[in-house]
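Naming follows writing order (A, B, C and D), and every chain is counted from residue 1.
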């Protein structure tokens, strides 16, 4: 048993070494296909992440309170709001806070606001649990006493949800598609590589080798080539991504900022995907492609 | 005891290829255990086809081939390797593995039947010595002359001491003296009990050895003679 | 001459027909690689287009006029604004227009606005020529008399520009990369396909065929396989894209709407790219890969 | 007139392969126009190597080979095809194009020298008739017997009426009577002025024909005899 495993590994390694053209081509094709997959995978992950970040900016309703409310009224209101279904968090923003924010935003023109009788209103900022529910929550808030105005980004939210659906659907679609195409390309490569060794396989059969005896070394060869291809793809993807990340990432969480996921947060899934695909294809490709040549 | 000693029996065997060519028609013959049989006939007579049927490299169109009591036209696919291992074959086109050295090509035949590497290391050099290729053990097939390739093919065929040895033109690329040595080798093997079927054009060898000669012409057996000669009616 | 061309074509077609495995694998690989390229190409074109559309929403500055301006003042102001460098267009929006817009936006809640004393202000909407200049224009406007407030999406604009740069750079980067990878995969396929016909090529040389005599049919073969692969990729991309378009496109031009370019506007470039790449690779791949086998 | 009539001259030719094997050493010989030369020697003696050097399939290690006054070890790469076209070759391993039929394989040799398709259509069937393969014209090489493949190889070698014909073991896979026919064919071609060099193991043919015999042993010329026989000192 050990003997036979050793035999297969020895022969598999020899197969790789003695067909350098084929080895280079196979590793290259596996790496190229997986690299493409890696790119798409990174893009989809990032766009998805990006959409979610944007959503976080818009899952808030701001309600402006009437000016003559007592602190007790304000406090009661908060309790009422918190009881609404789908509300996650309620934060008070006093008109002073609002003014300070405004001053910050205005930057060097903020002196215009100095000495002014604060014209702003107290407000509650309400976070919802699910973006989809934001319309319903807003409707309910409008009926409350003591609330003068209810504001949220109705259109933006609607469109954002549609966009996020699109990204998810098409992301999954494209990844599945690309995975199939990579599979196709790699198994083609294996098919062609085996095609040029068809005679060799036939000869083995003619002198009485069993199917598994012939398959063994080829499977090991598939594992080696697929694994090396996957590792190569991982390296290229890793450093390419990192370069890209350092060049473009802006560490900020506000709308439209370019927040790119750091490589460390995707390298694990990439490694897993690449290895499983590379080696898996190596094995399955060998077995399937060998089938027709073993029929003698 | 007739029934027991028959190793190979052809019963009404016909073989026509996909393109319509009839390569063998109505072959009926028996070959006993331990016989040495020459298969002769002009080019295209059907000798190689006869051998390919024996090995299940090609399938009969109609008829039966019975080896050691078993109808080989009916054995299941997965039992074919087992069946082929009992037969040593020298192919007309050598069929050496291009990516293996001479040594490895011969060793491979032992590996597939699960021989220990100790056995392999002892027996392969011995056999290579017998066919005169000790100094070519590390050569690859494309680095060999035609005759050397043929001898590797012979070495591989006999290394497992098969009970049946089939050789298609084993001396076609050999000079007369090397050919004679190889024939002596085969005779020796035959004397130890191995049945041998050999397709050949080497008139002088056949005439000298005086063994059973089966002559084919256009796919038909035209002569089947104990202690025969190469000549046959055309 | 004609004779020789006919010979090459005849032999090239024979080569395709007599190696069906190789033909299927080659066409498949070419098609798969180009299809991937097509997907990325479509995505980049669309994202680019999408960014430009969004930019169009933000290349505007809105200035709110003081309440007590006379029509003459308002008219003069327009002339002054139009003279600023980088201003493309100036549109007046009366406070009635603004109210109507608001009513539209509020939809069924617009009854709340009925009978109200219009609290809104007259404004000018100023389009700038280049998004980059919007900051400068806004600064100048602030210094004008009669203008109460100047509003534009300062942060959004900045980030949008950065985002659009990112899309352009990485788009070109990814397309170039994928094109090279497709080239690599296809030429690998050709290399392997020729590898299994190495003996054939050698034999031709040994009986005295010139390099070009041998190359001819292989080049025709390359053209046929590459061309068929390209056509296959085009078909799949065309119908895939169209399906996608019909499923997701929302014919609207506002922010965050999902505006997808119709297939008709990209099919020409796709056809050109696919054909040039498919056939070009077929030819170049054949010539380069043949080289090593012709050296006998 | 000695200088003019020499078609082939080997001057101090040595050939060793990459793995160190010395296949030919110190070969010096001249072959005149119109000669018929047998090249004999045991398996691995260097016959095929000798032929491969003549065709520039392998390069000499040292020395010169002069054909028709031209040192072929020095001709530029792009002139090699032109040079090879003047030589008809029967290879020991046949070298037929696997994806072309018998007819196309022979026609191909005419196509590469730019023969009109009218000529091709007339000459190919004629040559196939001469080697006895008229009924196999549409077969692919893998559908042929060993001897049939060998004859296709011969047909291809002679179809262009070369001024030099080189044959490596052209009767190795043929039965004696077919071999005799092929030899008659070669004799005929030789009588019409074609120089022929033939490597062979067919002792009886060599002995009967009484032509010049060059014997190689371990890469050295051990005999060079006009009207010689197969035997040589080993």
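Going forward, a contact is a pair of C-beta atoms (placed from the backbone, for glycine too) under 8 Å apart; a residue touches a chain by one contact, two chains touch by 3 or more.
By chain, UniProt protein names: A, C = Cell division protein FtsX; B, D = Cell division ATP-binding protein FtsE.
Computed from a predicted model, the values in this text were never measured in an experiment.
> How many hops, at fewest, get you from chain A (Cell division protein FtsX) to chain C (Cell division protein FtsX) via touching chains?
Contact-graph shortest path, chain A (Cell division protein FtsX) to chain C (Cell division protein FtsX), evaluates to 1.
> If we define chain centres by averaging CA atoms, which chain lands farthest from chain B? Would you check?
C
> Report the inter-centroid distance (CA atoms only) between chain A (Cell division protein FtsX) and chain B in whole Å.
From the centre of chain A (Cell division protein FtsX) to the centre of chain B is 62 Å.
> Determine the centre-to-centre distance between chain B and chain C (Cell division protein FtsX), using the mean Cα coordinates as centres, and give it in whole Å.
67
> Using the definition of touching given at the top, classify the network of chains in this structure as line, ring, star, complete or other.
ring
> When you check every pair of chains, which ones turn out to touch?
A-B, A-C, B-D, C-D
> Looking at the complex, which residues from chain D come into contact with chain C (Cell division protein FtsX)?
55, 57, 78, 81-85, 87, 89, 91, 95-99, 108-109, 111-113, 117, 156
> Please output the residues of chain B touching chain D within their complex, sorted ascending.
Per the stated touch rule, the residues are 17, 19, 21, 40-45, 47-48, 92-93, 138-139, 143-148, 150-151, 168-169, 172-179, 201, 203-204, 230, 234.
> State the interface residues of chain A (Cell division protein FtsX) toward chain C (Cell division protein FtsX) in the complex, per the touch definition above.
So the residues of chain A (Cell division protein FtsX) in touch with chain C (Cell division protein FtsX) come to 21-22, 25, 28-29, 32-33, 35-36, 39, 109, 142, 155-156, 159-160, 162-163, 166, 169-170, 174, 177-178, 181, 184-185, 188-189, 191-193, 195-196, 198, 244, 248, 250, 254-258.
> Which residues, counting only chain C (Cell division protein FtsX), touch chain D once they are in their complex?
Within the complex, chain C (Cell division protein FtsX) touches chain D at residues 3, 7, 14-15, 18-19, 199-200, 203-211, 213, 296.
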